[in-house]
Amino acid sequence: MLSQIRGLTKITVRRFWGKYGAGYLFVLPTVVLYLIFMVYPFCYTFYLSFTDWNGASPIKNFVGLANYARFFRDRLVWISLQHNLIWMTAGTVVPITLGLFLAMLLWGRPKGFLTFRTVYFLPQVLGAGILGVMWRLIYQPRRGVLFQIGQVLGIEAFRYSPIAYAHTALPAVMVAAIWASTGFFFVIMLAGLQNVDMDLMDAAQVDGADAWQRFRNVVIPQLSHVITLVTALALIGGIKEFGLIWAVTQGGPGNATEMIATHAYTEFSRHSDVGYASALTMLIAAIAFVFTMIFILVREREMEV
Amino acid sequence: MNRFLLRALVVVVILVWVTACATPTPGVVEVTRIVEQKGETVVEQVVVTATPGVPEEKITLLVWDQFGGELESVATELIYANFMRKYPNIEIRREVVGRNDLLLTARTALASGTGPDVVYHDVSPTRELIDAGLILPLDEYADQYRWRERFYATGLSWTIENGKLWGLGLEAEFVGIFYNQSLFDKEGMEVPQTISEALAFCREAKARGYVPMAHSQSEGWQTFFSFTMPAHNYVGVEYIKDLLFGCKGRWDSPEIIEAMKITYEQMKEAGCFVEDLNALDFGGAIDLFNNEEAFMLPTGTWVVNSILELSKEREVKMMPWFDMETGQPRAYTMGMGSAWYVSANTKHPNEAALFLDYLFSDEAVKIWIEAASRIPPVPVDTTQLNLLPLQAFVLNTLEQAGTGQAEYALGWDVDLIVPEQFNTMLSDGWQAVWAGTKTVEEQMADLQQIWEEFGPCQ
Amino acid sequence: MITIEQKMRKIESTTAAMARRQATASRRYRLLREVLNIIKYAILLVFAFIFIMPFVWSVFWALKTDLEIGRNPFSLPVPPRWENIPKVWIQGRYSQYLPNTLIYGFAITTGVCFFSCLAGYGLAKIAFPGRRLIFNFLLIGLMVPFFSLMIPLYTMMRDFGILGTRWALIIPGIGLGVPFGTFLMRSFFLSLPNELADAARIDGCNEWGVFAQVMLPLAGPGLTTLAVFEFMWTWNMFIEPLLFIQRDELRPVGLAIFFFQSRYTVDRGMVAAGILLTAAPIVIMYLLLQRKFIEGVTAGALK
C-alpha cells in the first residue's frame, strides 16, 4: 500500500515536473535577478523606514512606527498627495486622449503619415535634464517663448511666467509632461487602431450611426485592452513622478509642485533623513501597488470576457 | 550581533575617541575607523605616523572634486598635473561630480567604507560625516605642515569642529551687491547706499524700463542671501552672532520681521526685483546683469567668473547691502564654499595630507586665483598675480577680512551654519512669500520653529 | 490569423460598403469631406509644430554661447557657434564617454531582452501553476523610484567587489530593467497563437525547442520594441552610473553634464549640444527600426 502511494507520488512528481518544469526554468533566471536587485533592496529600504538613519552614521536606531506617524503631522505629505492626485488624473487623461485623437486623425494613413508619426514620438527620446533646461527657457521671465507669444498675440496672461506663481506652476509643469509623454501613448494607440475591425465600422455606418456613435461603440470597446494598459502605466508613473518636476521647479515655488517623490528625495539627500525618506518611498509603493492590483483585476475580468 | 553588544561597542568607540583626543602623541595620528564588516560594526584603530614625506612605492589617490566648468576644470587638472610631476610616485585619479550629486555619492561611498581618498566637499554637510567618523582629523598634519601659521584663522575656522581641524577650505567668499557703475553714470543716477535711497532708486529705475536688482529665486538658494544680508544690517552683526552661536534671541523677533518686510513687501512694491522672481534662475539673473538690463546683482563673489567679461568693458564694483537706517553697520556676509577633506578610511593618509598641502602652495594658489577665481584663505603676493580689477577687489577685501583690517563689518552666510531643514524652509518659504501664499510673519515663525526643532539650541 | 473564408467575406463586404458609399456621395458631401480634410491637416500640422519646435530651439541653443542664449533664447544662431560640438566632444569627454555608453547600452539591452524573452515566454505559453502570482510579483518592480534602492544596491555592489568596474552598472541595470521587459514580452507572446507551439510539441520538440525554433523567430517585433525602449533608457542613465562606476574612463555620456556646468550656473549651449549628440543615435535607431517598432508595440498592447 505504502509503496503503491510512493510510486504514484513519484509518477505525479515526474509528470508535474515534465509538464510544468520548463516553465519554472524559463522564469527562474529572471526571478533570481529580480530577487537580488529589486526585492532585497526593497526589503532593506523597508527596514530602513523603521530607523532614524542619516545615511552616514554606522549607527541605525530603531524607532518603530515613528516615521510613519510623522505622515500625519507633515503637511507636505498631504500637499504632495494632492499634487500627485492632480498629476495622475490630468497626466493620464490628457496625454491618452490627445494620443488617441492624433492617432484617429492618422488612422487612414494620410500623406505624411511617417513624418507625423516620427515627429510626435520625438519628445520621448529626451531625458529629464534637457527637458528641464528647455522648459525653463520656454517659461523664462521677460524672454521666454511664452512671454514672446504673449507679446505678439497680445495675451496678457502670458506676460507672467507660470512657474513663478503657486496656482499656475503645477499646470505649467504638467504641460511639459504632457508634451513629453503624449508621443508614447500616441504610438500605442495608433498601433491599437490598426487592429480595429473595419467591417464593424462599415456596418455601423450603414446602420446610420454617426461618427461619434461609431467611435464610442466600435472603436473604444476594441481598444479597451490598450486603454487599460496605458492607463495603468500612466497612473503608476504619476505616483512615482520625480525627474521632470525636479528638473523644472524642484517642487517649488514654495512647494507648489511638490510630489511625494520630490519630498522623499529632499529628505533623503538634503536633510539626510534616510529613515523618513524610506517611509515615504513605502507610501509611494503602497499607492502604486493598490493601483496595480486594481489594474490587474480589471484586466483579468476583461480577459475572461 | 545583538543590540546590547552593538551599543556597548559604540560606547567603546566614543571612549576611545575621547581618550585619543585627550592624549595626543606628537607626530602620530590616531585614526579610529568605524567599519562595517560582515554586517557588524567593527572598530578599527589605526595608528599612523604623520610624516610629511614622499612615498616610496607608487600609490594612487582617488580625488573627487566639483570643478567641472571650463576654466576651472583646466585649472584643476593643471594643478594636479604639477603635483604629479613633483611627486612621481603619487598618481591622482580624478572624478568630477556636480555639487548636489557629489554630496549624495560621497556620503554613500564614504559610509560604506569605499569612495575617494580626498574629497572637495561642502562645509556644512560634512558635519554629519565627521560625526560618523568618516573624515580624517588633520591636527597632526596641521602641525607638521604649519597650516595654522599659513592660513587665516577666519578661513580655517569653517572646518574646525569640536576643537579639531578636519579640512582645508579653498573658496573664501563673501556676499554683497555687485553694481554696474558705468550704467549708473550713463543714466545719471546715484548708487543708493541706504534703504530709502534704494527704494527711491528702484522706482525710478523701473520707470525707465530696467530691472533695478537682478535677484533670482528659482533654485531657491538665493533666498539665503536676500535673508541674511538685510537681517545683518538691520539688527547688527552681534545680534546674529548671539542667535547663531549663543542661543540668544529669536528669528521671529519684531526686528528681523521688520527687516524682511522691507525686503519682501516694500522692495517688492517698489519694483526692485523682477516680478516673476520665482521663475528667474541664477543664470537668468546673470543674463540681466551682463546685458545691462539690471543695475545691481546681489550675490556672492563666486559669480566673478561669470561677469568677468562685463567687468572688462564696464566699471563693475561691489558693496555690502544697504544701510537699513537702524544705526547698525553695513556688513559683508562671509562664507566658505567648499573644503578639501580626507577620508578616514584612506590607505594613504600621509600622501593625502601632502596633496592637501600642495593644493595651497604658492604655485597652486596662483592658478586657483587667476584661472578659477577661487580665493584661498591664505596671504597672497598680489604683485605676482595677473588680475582684473574685480578679482583684485575681491582678493583685497578677503585679505583685509583675514588680517582683521576689514573696511566693513563682517557677518556670516547663515546657510553654512544652520541645519539643512532651515535652509529648505528659507528656499521654499521665501518663494511662497513672494508668490503671496505665505506672510512674512508666518515664514519667520516657521523658521524659528525649525531652529528650535533641528538647531543646536535645545 | 485570418482564414481564407474570412478574407473573402472581408473583400465582399468592403466592396459592398464602397459601392454603398459611392451611391450616397454627392457633391455636397465631397465638399464637406474636403473641408474636413483641410481641418484635419491643419490640426496635424499644428501639433507637429508644437512637438518639433523645442527640438529646433535645442539646435539653436547648441549653436550659441550661453551669453547669447541669455540675450535672446529663441532667435536664429548668427553666427552659428559650430565650435560647441568639438567642445562637447573634447571638454565634455564625449570621445571617451560615447564608447562606454554604447557598451552599456548593448550589454544591458541584450541582457534585459534575453532574460525578459525567457521569462515572458514561460509566463505566457507554459501554463504552470503560480505563473499569475509570479507575474504580479514582478510588477511591483515598476513601482519604486531608483533613489530609494540606491544605498542597499551600492552596498551590494561593494560586497560583490565590482564597484568601479563596468559590471557594477551592467548587472544591476539588467536586474532593474527586467520587470518591464518581462511585462512587455509576456504580452507579446500571449498574442502569438498557441497552435504553432502545440504543433511543435506534438512533433516531439521539448519546451526549449518550441521556444528557440518556433516562438523566438516570431518575437522580432516585440523584441525590437523592448530593445529600443531599453536602449533609450540606458542611454539617458545618470544617477546609476554616477553611483556605481566611480572611474572617469568608464563613464557614460549622461555624466558629461558636469563639464557643462559650474556650481551655480549652467552653460546651456553646451548642454544643448551635448543633448543633440546624445539623442542623435537614439533617433537614428528609432527611424531605422520604425516599422518593426510599431508592429511590436501593437501586439504588446493588445493583450
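A, B and C are the chain letters, set down in written order, and residue numbers restart from 1 in every chain.
In this section, contacts are C-beta pairs under 8 Å (C-beta built on N, C-alpha and C of every residue); 3 or more make two chains touch, one makes a residue touch a chain.
Bear in mind that the values here come from a model prediction, so they are computed numbers and not experimental data.
Compared on C-beta pairs in contact, A-B and A-C come out with A-C as the pair having more. Chain centres here are C-alpha means, and the one lying farthest from chain C is B.
The mean-CA centres of chain A and chain B are about 39 angstrom from one another, to the nearest whole unit. The distance from the centre of chain A to the centre of chain C, each centre being the mean of the chain's C-alpha atoms, comes to 15 Å. Shown for chain A are the residues in touch with two or more other chains, namely 55, 140, 143, 269.
Counting partner chains per residue, chain C has residues 151, 257, 266, 268 touching two or more of them.
Shared contact sites, meaning residues of chain B that touch two or more other chains, fall at 108, 284, 287.
On the chain A side of its complex with chain B, the touching residues are 54-59, 136, 139-143, 160-166, 249-256, 266, 269-272. Contacts from chain B toward chain A in the complex involve residues 6, 10, 34, 36, 41, 100, 103-104, 107-108, 110-111, 125, 128-129, 131-134, 217-220, 274-281, 284, 287, 420-421, 423-424, 427-438.
Per the touch definition, chain B reaches chain C in the complex via residues 66-70, 72-73, 93-99, 101, 105, 108-109, 112-115, 282-284, 286-287, 290-291, 302-303, 305-306, 309, 337. Of all the residues in chain C, the ones that touch chain B in their complex are 66-67, 70-71, 91, 150-151, 154-155, 158, 163, 239, 242-243, 246-248, 257-268. Of all the residues in chain A, the ones that touch chain C in their complex are 19-20, 22-27, 29-31, 33-34, 36-38, 40-42, 44-45, 48, 55, 102, 105-106, 110, 112, 114-127, 129-130, 133-134, 137-138, 140, 143-145, 148, 179, 182-183, 187-188, 190-192, 194-195, 198-199, 202-203, 205-206, 225-226, 229-230, 236, 239-240, 242, 261, 264-265, 268-269, 274, 277-278, 281, 284-285, 288-289, 292-293, 296, 303.
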